[in-house]
Amino acid sequence: MKDGTDFNLWSMKEVGAKVAHDVQDSWMINVGVGLPQVAVEPLTNRGVTLHSENGIVGLGPSPAPGLEDPEVIDAGKGFATIVAGGSFIDSATSFVLIRGGRLDLALMGAYEVSIAGDLANWRLSGKKIAGIGGAADLAHGARRVWIITSLFANDGASKLVAHCRHPLTASGVVKRVYTEYGIFEPSGDAFTVIELARGVIASDLIEVGVPLSKI
Amino acid sequence: MKDGTDFNLWSMKEVGAKVAHDVQDSWMINVGVGLPQVAVEPLTNRGVTLHSENGIVGLGPSPAPGLEDPEVIDAGKGFATIVAGGSFIDSATSFVLIRGGRLDLALMGAYEVSIAGDLANWRLSGKKIAGIGGAADLAHGARRVWIITSLFANDGASKLVAHCRHPLTASGVVKRVYTEYGIFEPSGDAFTVIELARGVIASDLIEVGVPLSKI
Amino acid sequence: MTYTEKGQIHCPTATEDVMSKTRIYATSTEALADINDGATIMCGGFGGAGYPHNLISGLADRKVKGLTVVANNAGHEALFAYGGVRKVVCSYPLGPTSKGFLEVLDRGEAELELEPQGTLVERIRTAGAGLGGFLTQVGLGTELVAGKPLIDLDGKQYAVCKPIMADFALIKAWKADQAGNLIYRHAARNFNSVMAMAAPIVIVEVSEIIDGYLDPDSIHTSGAFVDRLVEVGK
Amino acid sequence: MTYTEKGQIHCPTATEDVMSKTRIYATSTEALADINDGATIMCGGFGGAGYPHNLISGLADRKVKGLTVVANNAGHEALFAYGGVRKVVCSYPLGPTSKGFLEVLDRGEAELELEPQGTLVERIRTAGAGLGGFLTQVGLGTELVAGKPLIDLDGKQYAVCKPIMADFALIKAWKADQAGNLIYRHAARNFNSVMAMAAPIVIVEVSEIIDGYLDPDSIHTSGAFVDRLVEVGK
């Protein structure tokens, strides 16, 4: 695992395509703030309903230049649009939708995901101040929580872990993790490999600390 | 107290005028289902905002014949109107308004009111089935609960009592009781006389079991 | 995109439509096909205003048995007529349309859970909001909180009110669009817009389904909450 | 009576107008005159959308001190600039407009109460709804429920969330009518319509106060909840 030359790791765009492939057209999806645009791009223009927790059902892509409206923004506070058939709702109703089970999928980034499906994605343990926003509500309320993330943190440590060191956003909620190395599912005592990028070998990942099931 | 010949008891219309006199123009008022129309008439066409718990802010009088709309009814399910400047709200919001302190006055009928301000007005103790509707929420939530009632029940018993025999709607909420004999306020150990109809003598009422304060 | 108000044509919109999961059914019977014996249904309306007559009548046609019906009133005559109801959860079970219920109640064939109207509607909302309950002082010191846990919080006593979970919500709206967005008419909104958010499957009878879409600022219930539509006319 | 939609002209209406207690003020300063040191204010908006800039700026002009500010974000720069804020209750205190807050926080001159966004908005609603709290599982097993009472109900654990009581709500709407009824514009609705029901005194800056009245079916916030209006223009 010293270098990437033997691997054909997925680009973020490819990771996004994998996610989009696994998503059903009828789903309502919340796309987390800060996910790489290129990864979530495949979810637009394919018919799923996007939800933005600040109060948009039917979030569209960014507006054409000159058509920005400061009162049509997404949860990341970027200019946004609403699709035909969409609706504006207040924040209380937006979280009724989230907690009430109407969201088929919350797609989020992560600092760590544990073998128990615990999610840490709002505050690094060393940091004093952080924002939680809607992450805890989304992680708890959505029918499925899928994570898009690089497999390793900047310091080289695996983001898939036995136990999270960073403060939790929610416990036992993550169903699936999409990374450049492959797709993994927490299964209680390890992560199950769903798919690996070409050339990636599970035992190599286990060797560098990724807690995958031994097959 | 054997007959009414010595008294000039107030008519229901006069009782209503007394209530209307004590009400401020800026108040939002809920008028309970079943109160005599003649008693509450003075509250209309004088500018107060009437609330109907099924979802009308700015309840107007009954519609002119031929203009009835089955989707504009009051809490008593009679045909109603909405005044200019009124709004339709859903039932959850309507009770947010009630419990949240936005209602200056709930005007209700009563089976009994106790010296502690306890109110019994939803179920007679002998009756198996009764409806509560919005009475308990209104009695608890409104800033003031005023009662319009005859002073005596059909069996001759005083409706102002030391302790309610009928099941309570809410405890300690009634501020004032308007009757054909006068106006009374629960004061903890008795009812204080605010005003008496002409010829009514407090000690006579005490004699027949109305728990008034001795002056 | 259809905007009904002028000031809003500058709202930035995307070119694509929402892919709604709301399905439009030709008849009430089809929309109700999976409501089976023993189901719990929420039913909108206050008296006759906003009452989903067509859906209830469709349910009666199917002779579904053992229903628990959550509604403000107990006037579900079509269901009582064949003994379809096991339990009613409501705030007001009296009035001319409740005769059918009072008869079965009297014969011990049905059960009543009576709840103050505000507590009833909030328990319905709480189910939809994915919360475990709420604390209220309404009814404290009366039999109206009988059976509810009482807790002390910061020196005050509260009754703990649990969510009312249902399998289906049957409601009535005025206008719907192709994405399932709803507008109610006048005082027919009442319990309908709350129940529209409160059950896993929400079935709506609507006077009119418009072509295109409603103004996104004027919608009472987002299509996100609506599963099935049946157009029933005026 | 002004109806903006055609289908509704048959709504039965009375001849009298509502006598609203909503008062229209000429300036923000006058509308805010009784907000004193130590007050708790709710402040609408999500980022800049629906943020009541004029009211906050008016409050800053008065140099009110020791404020507790309840809002989704911590971007109340005008108030931090002179050290007006003692405590912020919010879900997201980061971002470019929160620098002022982070500085006073760092100097120990202000306090932060962080709350998941959905719990935050529900605690605000709970205050307005006159309830004592609600039960949630959001944040269970994390530090996000630190300090909250935990209770068991029917075999499940919940955190008890208390209402957030405030003295004033400062919000932003798009259109108001003479009775104080409000309509918000697009995604500027967010926390505004919830806070509009949650404080004993609700002060609204509004782009336009129309003559006459809004369509009673299209109103987002009933004038029943609105105490003061200031027209601030676009």
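Order as written gives the chain letters A, B, C and D; numbering starts at 1 within each chain.
Going forward, a contact is a pair of C-beta atoms (placed from the backbone, for glycine too) under 8 Å apart; a residue touches a chain by one contact, two chains touch by 3 or more.
In this text, all values refer to a predicted model and were calculated from it rather than measured experimentally.
Undergrad: Farthest chain from subunit D, going by mean C-alpha coordinates, please.
TA: Of all chains, B has its centre farthest from that of subunit D.
Undergrad: So what's the Cα centroid distance for subunit C and subunit D, whole Å?
TA: Roughly 29 Å separates the two chain centres.
Undergrad: Mind checking the centre-to-centre distance between subunit A and subunit D? Centres are C-alpha means, answer in whole Å.
TA: Going by mean C-alpha positions, subunit A sits 30 Å from subunit D.
Undergrad: Could you check subunit B for residues that touch two or more other chains and list them?
TA: Touching at least two other chains: 69, 72, 80, 82, 88-89, 95, 98-99, 141.
Undergrad: Residues of subunit D that contact two or more other chains, please.
TA: Touching at least two other chains: 11, 122, 125, 129, 131, 136-137, 184-186, 216-217.
Undergrad: Every touching chain pair, please?
TA: Listed in label order, the chain pairs in contact are A-C, A-D, B-C, B-D, C-D.
Undergrad: Could you list, by residue number, the parts of subunit D that touch subunit B in their complex?
TA: These residues of subunit D touch subunit B: 1, 10-14, 16-21, 125, 127-131, 177-179, 181, 197-198, 200, 212-214, 216-217, 219, 222-225.
Undergrad: Which positions of subunit D touch subunit C when the two form their complex?
TA: Result: residues 4-5, 8, 11, 122, 126, 129, 131-137, 149, 151, 153-154, 156, 158, 160, 162, 183-186, 216-218 of subunit D touch subunit C.
Undergrad: Which of the residues in subunit D end up touching subunit A in this complex?
TA: Residues 46-50, 72, 91-95, 102, 105, 112, 114-119, 121-122, 124-125, 136-144, 184-194, 220 of subunit D touch subunit A in their complex.
Undergrad: What does subunit B use to touch subunit C in their complex?
TA: Against subunit C, the touching part of subunit B is residues 52-56, 69-73, 75, 77, 80, 82, 88-92, 94-95, 98-99, 129-137, 140-141, 167-172.
Undergrad: Using the touch definition from the top, list the residues of subunit A that touch subunit C in their complex.
TA: My answer: residues 25-28, 44-45, 47-49, 51, 57-58, 60-61, 63-64, 67-69, 72, 79-89, 93, 95-102, 141.
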